[in-house]
Structures are given as structure tokens and as C-alpha cells.
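After this come two complexes, each holding chain A, first together with chain B and then together with chain C.
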Partner chain A sequence: MSIVSQLATILLNGLQQGAIYVLVAIGLSIILGTLKFVNFAHGALYLIGTYLGLLITLNITISDGKLAEWGYGQVGLDLGFLPALVIVPIIVFGVGLLMERFIARPFYDRPDTDQILLTFGLAIVVQEAFKILFGGQSYNFARPAQTSLGSIELQLSGPIDLPLVGTIGIWRLYVIAITAVLVALVYLLIEYTDFGLVVRAGTRDAEMVRLLGVKITRPYLMVFGVGAALAGIAGVVGGTLYAVNPNIGMEVLVPSFLVVVIGGVGSIRGAVVGGILIGLTLSSLVAVAPQWSQVGIYVLAAIILLARPQGLLGSEEVAP
Partner chain B sequence: MNDETSEPTTEDGPSLIESDVASTLDRFGSSERSIVGLTVLAVAVFPWLFVRAPVISGLFRGYQSLASLILIWGIFALGFNLLLGYTGLLSFGHAAFWGGAAYAAGIFSASVSGSPVLMVLFGTLFAVLLAWILGFVSLRRGGIYFSILTLAFGQMAYYLALSPLQGLTNGENGFTDVDVGNLFGFLDAFSAFESIPLGTPVPLLGDWLYVFVGAITVLCVAAVVRILHSPYGLVFKAIRENEQRASFVGLNVWRYKLMAFILSGAFAGVAGSLFVVHGSYVPVESLYWTTSGEIVVMTVLGGVGSMVGPMLGAGLYLYVENVVSGDPAIQPYWHLILGLIFVAVIALFPEGIWGIVGRVRETFSAPSTDAEQGGEN
Partner chain C sequence: MAHVKDGLTRRDVVKVAGAAGTTGIAGLTGCLSDDGGSGDGGGGGGDEDYPALGNYPVEGDKVTFGFNVPQSGSYASEGKDELRAYKLAVKHLNNGGGWVDSWDDLSGDGVLGKQVDYVTGDTGTDADRARKQASRMISRDNVMMISGGSSSAVAIAVQGLCQKEKVMFMACLTHSNDTTGKDCARYGFREMFNAYMTGQALAPVVTEEYGKDLKFYQLYADYSWGKTQQASMKKFFEEEGWSQVKSVATPLGTKDFSSYLSEASNSGADALFLNHYGLDGANSLKGAIQAGLDQDMEIVMPLYNRPMAQAAGGAIDGIYGTVAWDSQIDNEPSNSFTKFFGEEYNGRVPSGPAQLAYAQTLQYAAAAERAETFYPPEVIKQLEDYEYSDLGMEQETMRKCDHQAQRAVPVVKGLPKSEQKSGKYFEIVQITSRDQLGYECGQGPASKCELGSYK
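So, the complex of A and B:
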């Protein structure tokens, strides 16, 4: 492999890994920025998304866990990948609405530590519930091979030859593309709609928005729902890349929090920059010194924090 | 979070007219010497009640090694609560200090000396240094970010032990070469001393391992009481109540927070080292976030902001984990039940089990409500 193709592969792998973190982190970031609510259960939304994706995409036999014991070992709708990409975010959006209404809202006026503890407990509950139902084992959520969109046949898996890069899995490109489209949509939503205006104002000064007489109940609900839906999509997409098991929620949550902290709270651009940075750090370390790859992202976070505590694109006044 | 606006009346505290028995008891309960005395008594009686007492121990189904383990986690919870309960900082990275100290003590025992005393000293020292570094970075941001960052840097310690430092830590298999020697093994050079193997039985208490763990528990309780009753401890509480005001008074809040973090890391280190002395093995999971989560759950369930609460929480947690959940009907569900109880406690009784006990006691005892608060110490 030439140096150029090696670098290009590192770049693409980094973007693809970063993409998952970006999707999870945007939700975390806008919920934290606007609602001032720390959602340690955001990883649980990813977990829900990834299991739902598994169930919609495939029809599998599970041999572990209570579902199998109760005689429901054969699960899944076998609908393929694209339906999952549409259905899962809708369901998880609903889950997000319920979470905001019944879990987050009663806690807005409670101390931060209570919010963290509550959502942490919730994350445990969700994780354990999945562990009980599906067992602790890992499932492989086969990559979507092929799907047809109306009359167009889409080739979703398999290698592709790119100029400069060489041969890579085409699916990685789709992951990057899906993320790019979603990020663009959320960006437009936040920057160019009235809803976005309230969200942005809320990130700056939630109290003032309330005092100006804006009814923030519904925007808050929407923020939570959108954030949750993004985590759900991340779960579906991530499920095609990493093994699906009950611990995956927390595994994704921690780097995503780092993305938020590195990028700056409440900033979508920050989440994208932070996610790409973390993805690239991971992929370049995997190429150079694989055993250091996981440690590297924390070192990166520490360096950025020491230099710029409010995050790369965070503003001083938003950061408490 | 229970509101301790009125400070516990210490020996030299404000002189109230305390005629009724309840407040005298409270005053007794919060004086340093009596707390340490009560701890000695409790530690001494605990294994007998738990393991060997005629009828009671049969109900508990406790065993000697669990008694030591409860004290070890109790020390961990005590230190954790110094940070969460008294300074108001919620760390999700304390596994780094517990596990870090465990690895340090384990590696020390394999390569330098297996003396439990030296192992604990070395492990604690390591945890202090680690807490210094992680605290320095994590405290760059306050409030919720502190929790997030401690969680992240705790995970960093896990991944460090898992892969790059594999040569030292033995990676995912955990460190198995732990070689725990005799108590005071380092005094072997002096022929006057006869060193004691930890397994030597001791009447009433069980074995020397328990004596060792119990003695350190008492020391730790004494240290925490001393800290809390000193001006330093008052600053911690001031920071918890209102950080901004504390800094306006002219206190260097950041420095005090760092010191609280290091102190609490030190207790986690003591406990982590003891854990290795106790089990002669360091699982890599001791660094994983679930360990941090466990100590959070224990402390919060037991009751934040008191000395007894967190230790009680640790004891209950371990008891249920090791004895009750042995029941095959409960076993698969016990973590789920635990999570649900935890969520319910946060939502309904943020002051935890000990807080509920306190509330019940309050309703039954004298109506002089404002003097009651101190009893929790």
C-alpha cells in the first residue's frame, strides 16, 4: 500500500468511526446545552436503537436469556436495513419524548448530581433489562447487502475501488454519507427554524428565554426527542459495525461525552469537529500503535481540556 | 441531599441548653472520641454477630471473608462520601483509584515485599498520585462536567491496564502473581518480632486478616472524623452549600476541591490495596466503570452526607450481592431490581436509607427539631 492510500484509509476509517460518536454526541450536546440536563441514559437510547435495528433487520435465533427460555427464541422481522433506518428513529423519538416528560422534567429543578444519578440508574435498568431478555452474548448484525429503493438497486456492501484510496468496504462510505445528511438536517433545523431559534437561545440563557414568555415546554420535548432519535439511528448504523450486546450503550456513551466536552457544549459544529477528531485519533493510532488507540482519545481530551476548558467551539459564557 | 445548615455541635460547639437525653446522646454521638470508640466496638462485634452469633448469624448466613470485604468496601464508601456527601462532587472515576491501588499493591507484593502493611502503604501512595493527576485534569471543569470527565479518565485507566501496560498488569486476565506475606513481614529482620500469617485464627474476630482490615477501618474512620471536624472539613461543606459564596469569601475553591478529591482517592486506595490483600488477585474489572458505579450506588443507597450511611450501604449491597442473590429466583434479576431501587431512591428519598432512619428517629424523639441534625455524624 502506498502512503497516500494508507492515509486515505485512515481518514475514511476515522470519519466512519467518528460518525457514530457525532450522532450520539449531537443529542447529548443539545440536551445538555439547552435543557441543562445530563443524560447518562443517552447510551441506553443507543442500546435500544441497536437492538430494535437488529430485530427489524434480521430474523435470528437467540439461545440465551429469558426470551429464549420463555420460548420466543426466534425473533426479528427480517425486513432489511432501510426499514430499520426509518422505523427505529421514530420509535426512539417516542422513547425520548416519554423520557423528557416523565423522567427529565421532574428533575429540571433538582441538583445536577441528582440528574446524573437518576439517569445513571436508568441506564443500568435498561442495560439489565436487555441482558435479561436477550442474554449477555453478542450478536452480529450482518451488514445490509443490497436493497432496492423503488426501481434503483443499491449495492450496500462489498468492496469498492476508489482512486487514491484503493479497495475499501463501500458500507463505510454509506455510514459517512448517512451521518453527513443527518447532521446537515439537524444543522438546518437548529439554524433556520423557529424551533432552532428557541433551542439556540436556550443554550445561551434558558432563564431569559423563559422570561421573554416563550413557551419552552414543547421545544424542550422536541429537543429530547430529536436527540434520542439521533442516538437511535446511531444504534442502527453502529449495529452494522460493532457487535451488539447489552454493554454497548455505556461503551458508546463515554467517548461521546468526550466529543461533547472537546467540541463545546451545545454546539453542533463542535460535536462534528470533536467526533471527527476522536475518530481520526482512533484510526491513526490503530494504524500506528493499536494497543494505545483507546487510551489516545482520553489523552487527546486531557490536552484539549488543559488548553481550552470550554471546548474547541464552546463559548466561555455558556460553559459553567 | 440533606440540608445540614446547622453544624453538628462538637465539644467546643455553640453551648445550647441541652437538658433532654436525646440531645445529650446526639452530642455524644458527634464527638470525635466517641465516634471512634463506637467504631472500635462495632468493628469488634461485627464478625461475631454476622458469622458466629447463635441465632442471628444463622439468619444472616454471613461468612468471615464477607465480613472483611464489607469493611473494605466500607472504607471505599467512606472516602467516596467525603467527596460526594461533604464536598458535593460526584465522581464516576473512583475505580481508577481502587483498581490502580490494587494493581500497585499487587505488583509491589510480587516484586518487592508481600507485607500487607507495606502493600497498603504503597497502594495508597500510588492512588494519591493518580488522584492528583486525574483531579487536576477533571477539575478543569466544574459541576456535571466533573462527573463526565472523571468517568472518562477512569475508563482511560482501564484501557491503560488492559492493553498498553499489559506487561505489568497481565491484561484482561488480571494480575494473578499477587504474593501476600505475613503481617509485619518487613520486620522479619528483627528476630524479636515474630511475624503473623494473615490466616491465623483470632477468637471472636475470626482471623488476623480481619484484625488488620478492622484496625485500618478504625484508623480511616478516625481520619475522616478528624478531617470533617477540622476547619478543612468546614470548607468542604461550605463548597457543597455554595461554591460561589465560598470563593467570594476568599477561599481557593479549586485547591480545596482538588484536596478533597485526593483525600477521597487516598481512601479508595487504602480500600483497593486491602482488597488485594484480601483476595490475592486483581481483576481488570476493578478498573472498569462498573466499579465506580457500584461505589456510587452503595453510597447513595446508604445515604449521602453521613458517616454511617455509606458504610451501611456498602454492607447491605455486598450482603445482598453475596448472600441473598444466591437464591436462583432472584439471581438473574438482582441487578435490575437494584437499578430500580436506586432510581426510586433518587426520585423519592434522595437522603438514602440512613436518611430515612434519621427521619423516623426524628419523628419519634423530641420535637426540638433544629438540634437533631447533628446526630447524623
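So, the complex of A and C:
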């Protein structure tokens, strides 16, 4: 295998692994950047997205947990993957709105530690609730082999031969593509709309935005909703890559926080760069020193924090 | 299994003594005790024959068992099923039913006249946490026996603690060669076969299917089990004429194996061995199939079980491996276990780990009954070189030299998604008899085994 093709493989694997973290991290980053709210329950939104996606896409057999006890041993709409990709973010957007209004808002002016305790507790409650309902077992989120988009038949799974890279699962390309489209949409929303202007201004100096007379309540609600919806989509996409169980929310949270730290709080471009860097670090270390792959991402975060405390593309706050 | 109950046994004496006032006797013997063991929480000493040791003697009218299984982490699905089986075993020991009715040593009214109680712990698939849970069970709950596992690292850690504390450890799901090899313990017994035997059972079957002279690439979980699994596969497949291209360790809990799989795919190997288990196994196999590795390579999953097959779905189609036990094994003990487990749990089909958990609990209870005491050295002697055939895995021996059960190993092949249904995920290719497996005392993994003392 030539060095060029090895590099191409590492790059592709890195992009795909980083893609899920990017989706989760963007929401985490804009909520933290704009609202100054540390949301440890963001992984729970990912978890909700995954299970909703599973239930919309397939009809699954539940042999453990309360749902099975109550006689719902077979649940799911079996609508296929694309409807899940549309419906899940809408529902999780709603969950995000409720979360902002009733959980986050009373804590905006409280210390970080209070916010962490609150959201961490909430994450555990959600995780345990899913465990009670669906049992601790793992489910297989097998996506349909193909889906139709109007008259176009899309091949979603199975291997594909790529020049240089060789054989890979075609779905991994879709994961990268879906992430790219979503990131572009969010970027346009933040960069080129009035809503985005308030968000960006809030990221830099929330107090000044308030003093300028901007009614910040509604944009804040929207920021939370959009962030949640992205976590929901990440859950649907990520759920297809791994087995689904109640612990996945917590598992995705830590790397996503690393992405935010590396990229810079509040920066969409930063989240993308951070996600890709983490993905590339993981995939390249696997190729040369597999035993260091997990340690590597923390070392990377530590180095970047030492050299640039605000993250690669984060800006230092104007006001304290 | 036959145990002739003739004359007045020590158990009967103990029962009478218990009726006359167990507390007083225990208090007296406690004063006389000067023998080893922590004795903490276990009350005072034993009697003249059996001085206090570990948590012996058992005080009161209950004997407590500790079930230490993963209820979270990579092996949580396996742990949950084990726990179901443990609870069922306790129920049957106390009230009769299940295998208890057909085992001569067991009466269905507890063990040695004492009702069985239990405590549970969540190991989180983590050795340190498991050791802490076991330590709590020993010192606070005064357990006489601990069973559990679902990770060899966990099982080995707890087994070591049990040896030190003189508490019996009936290993459940642990497949590392080291459990009854270099980390073996006098106080630990393993019904499950090991990685060495998996290699012995699998290599001839897979070679016959795919041919000799193949090059293989191994991924393995980076801890005790994965390492001995990798080494065993290398040994037995190379003996069949295969050659290893490379083997790579992956951290326990890896979710995305794509980078590892890309490396394997581009290695030029003809076959890929995925030495992963539980959720990790489901994820790595699913990733390999999604990436189309099965089109160019033969994939082998040396150790399977039902929960991971369920999580991997159609990805197991045609993939060879071994399982601890499967409900499709057609003999009286296996069929009855499937039946009464299903009756207890809404038609649920038991997994291999569940069968191990149930069997190990009953094995300990039956050994205590045969020994007529809970005094650990006597219970150990009842299990050493014990011959049995009532677990559904043909004739077995719990070998004295390393406490490793000499038993048959089921070789299976995954079924396509369309043929899978609840509890049926594999086709049983063959049940390799124990005569074709194993190794002598002093050879293979047993060569490194030093069991330690009885007391």
C-alpha cells in the first residue's frame, strides 16, 4: 500500500469519525458561547435523537425493559431513514425549546458549577429513563440498504471502491456529506441572518447586546433549539454507525467537549476544525501507534489549550 | 451426581445445633478461634474440625452469595442476562424447581439447611470497581461465594481477592487463558472453556471451510482476554498452515473501528479475526461488514454470544465462532434450562452467559451439600476432579490441577438476518468433544498455574 493511499484512507476515516463530533459540538459550542450555559445534557439530546431515529426508521423487537413488560415488545414505525432525518430534528428542536425555557433559563445567572450539576443530573435521569424503558441491551440500527428520494434510488449501504482509498462502506461518505450540508446551513444561518447577528454578538459580549436593547430571550430560545436539533441529527446519523444503547449519550459528550475546547467556544468554524483534528488524530494514531489513539486526543487538546487558551478559532471575550 | 445420604451427617448435627441456639455456639467458637482468615463479619470461629476461615462459619439461618456482574459498560447486556440466571438459581435453591429437582445433591430447601440470600454489584466492566464491589460483599455482606465475570480482567481481579480473603469464586463468563493459567487460584473454579480451547475447536473447522495457507490479520481487545485469545488463534491457525500478517490491539470500549478495519483491509490478508466481545464485538463486526471487508476477506469472530449477535444483526451471517452454550443444543439439561428460564422471564431465550451463571451457582451449592459444610477447603475438595454431565455440555471434569472444566466447545456459524429470530442467531456447526480439546496439567496455560493454599 503506497503512502499516498494510506494517507487518503487516514483522511477519509478521520473525516468520518470527526463528522459526528462536529455535529454534536456545534450545538454545544453555540449554546456555551452565546448563552454561557454549560450543557452536560447535550449528550442526552444525542441519545434521544438516536432512539427516536431508531424507532422511526425500523420496527424493533424489545425483549428487556418496561416497554416489553407493558406488552410493547415490537415497536417502531418502519418508515425508513430519510423520514427519521427530517422528523427527529424537529422533535428534538422542541425538546431543546422546553429545556431552555424550563431548565436552562433559571440558571443563566448561576455559577458554572450549578449548571454542570443540573445538566449532568438531567443527563443521568434521561439515560436511566431510556434504560428503564428499553432495557440496557444494545440495538442494531441497521439502515435500509437503499431508500428512494422521489424517483431517485439511493444506495445507502454496502461497500464502494474508491481510487487510492480502496473499499469502504458507502454510508461513511453519506455521513461526511450530511455533516457538510448541515454545517453549511448552520453557518449561513449564523453568518447571514439577523438571528445569526444576535448570536454572534452575544458570543462576543452578551451584556452589551442586552444594553443595546435587543430582546435576547427569543434568539436564546432559538439557539438552544437549533443546537438541540443538531444533536438529534447527530444521534440519527451516529446511531447507524454503532450499536445503540443508553450509554451512548455520555460517550459522545466528552470528545465533543474536546472539539469545542480545541476549536474555540462559540465558533462554528472552530468546531469543524476541532472535529476534523480529533478525527484525524484518532485515525492516524491507529495507523502508527494504536495503543495511543485514545490518549492522543487528550494530548492534542492539552497542547492546544497551552498554546492558545481560547481554542484555535475562538475569540477572547470583550467583556468579562 | 449421585450422592448417598447415609446415617447422621455433619449437616444434620449442625441443624440440631442451630436449633439449640446457633448464636451461643458461634460466640463460643469465636472466642476459640486463632486461625487465619479475616473472620471479619463472619462471626467467630468454626468448630474443632473447621476453624474460622474467611467468612466461615455462616451465622444465622441464611447464607449469602454475591453476584458481581457488569450492569453497565461494554458487557452490560451479558451481565443483565447473568443476573436473571443468578436470581433464578437462588429461587430454585430455596424453593425447588429447575435443575435443582434433578440434582441429587440439592434439596430445594436452601443449602445445608440455610435459605440462600444474595447481594449484587455492578462491575461496570472495570476491574478496580469490581474488586471494590467484591470487597464490600465480603466484608459487609459476609458472602460465602462470589460469582461473576463477563470480562476476564474483572474475573481475574475478583478471583485474586477471593483467594486472599478465602471466599469461593465461581467464575462465570471469563475466557482468558490466564484465569485458570497464570492467574489461577485455589478458591476459583471455571466452567467456561478458555481461548486456548476456542483455538483448538475453531482452527480445524475454519480451515476445512476456507482451506490452508491463508494469511490472517488479527484485531484484539487490549486486555488479558484479548491477548490470550490472539495468542491462541495464532498458535492453532499457524499449526493448520495459516500465517499471521499482523495483529493489532484495540482499546476496550472502542466504538468506531473504521480506522483499524481500513488497516486490516489493506494488509493483503485473506482472513480477519475479530477478537472482540460484547458491544465491542458487535461494533467491530458491524463496521467490517458495512465496509465490505467480507467481500475480500474471510471474517472469524472467535467468541460469540447471543446479546452481541443480536446487536450485530445481519452482520453475523456466515461468520464462524464459538459460544459458551446455546439454547439450540438438544439434550435434556439444555432443553429444560431453556424451558424454565423462558417460563420465568416471559418467554426469553437464555444466553450462554446465563447458563454459566445458573450452572456455577448450583455447582457451588451442590459441592457444599456434598461437603456437608460451608468450610471452603472442604467445598473446594468436593469440586476438584468432580465428574458431572448435567449442564448440557456432555461429560465434564472440573480438573484438580488448574480448576478448569474439561468440556465440549460448541462451534457455530452466524445465520442470515432473514433466518434469525429471538434466541436463534447461530447454526451449530459441531460440538467439539472434550477428547479433542484441552491440554495436560503442566502444559499449555496450565503450566503457569499455581493454585495457592487451601487455607
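The rule we apply is simple: the second predicted complex is superposed on the first by the 314 of 320 C-alpha atoms of A that agree within 3 Å, B and C clash if a C-alpha of one lies under 4 Å from a C-alpha of the other, contacts with A are read in each partner's own complex, and residues count from 1 in each chain.
As a convention for this text, a residue touches a chain if its C-beta (ideal position, glycine included) is under 8 Å from a C-beta of that chain, and two chains touch if they have at least 3 such contacts.
Here the structure is a predicted model, which means the values were calculated and not measured.
In this overlay on chain A, chain B clashes with chain C.
Contacts of A:91 after superposition: neither chain B nor chain C is touched. Applying the stated contact rule after C-alpha superposition, one finds that A:139 touches chain C and leaves chain B untouched. When the two complexes are overlaid on their common chain A, residue A:282 makes contact with chain C while staying clear of chain B.
Once the two complexes are overlaid on the shared chain, A:67 sits clear of chain B and of chain C alike. Contact with both chain B and chain C is seen for A:291 once the two complexes are overlaid on the shared chain. Of the two partner chains, chain B is the only one that A:112 touches; chain C does not reach it. Legend: residue contacts after superposition of the two complexes on their common chain; A:82 is shown touching neither chain B nor chain C. Judged by the touch definition given at the top, the superposed model places A:312 against neither chain B nor chain C.
Across the options 9-17, 189-197, 207-215 or 279-287, chain B meets chain C in a clash only at 279-287, per the superposition defined above.
The residues of chain A shared by its contacts with chain B and with chain C are 291, 294.
Residues of chain B that touch chain A in their complex: 1, 84, 88, 90, 92, 137, 140-145, 147-149, 151-153, 155-156, 159-160, 162-164, 166, 289, 293, 296-297, 300, 332-333, 335-336, 338-340, 342-343, 346-347, 350. Against chain A, in their complex, chain C makes its touches with residues 71-73, 76-77, 80, 222, 248-251, 255-256, 258-260, 262-263, 265-266, 279, 282-283, 286-287, 290-293, 295-296, 307-308, 310-314, 346, 348, 417, 422. By the touch criterion stated above, chain A contacts chain B in their complex at residues 32, 38, 66, 106, 111-118, 120-122, 124-125, 128-129, 131-132, 250, 254, 257-258, 260-261, 291-292, 294-295, 298-299, 301-302, 305-306, 309, 319-320.
Contact residues on chain A toward chain C in their complex (touch as defined above): 1, 5-6, 9-10, 13-14, 16-17, 61, 63-64, 68-69, 135-140, 142, 157-160, 165-169, 171-172, 241-243, 245, 247, 251, 282-283, 286-287, 290-291, 293-294.
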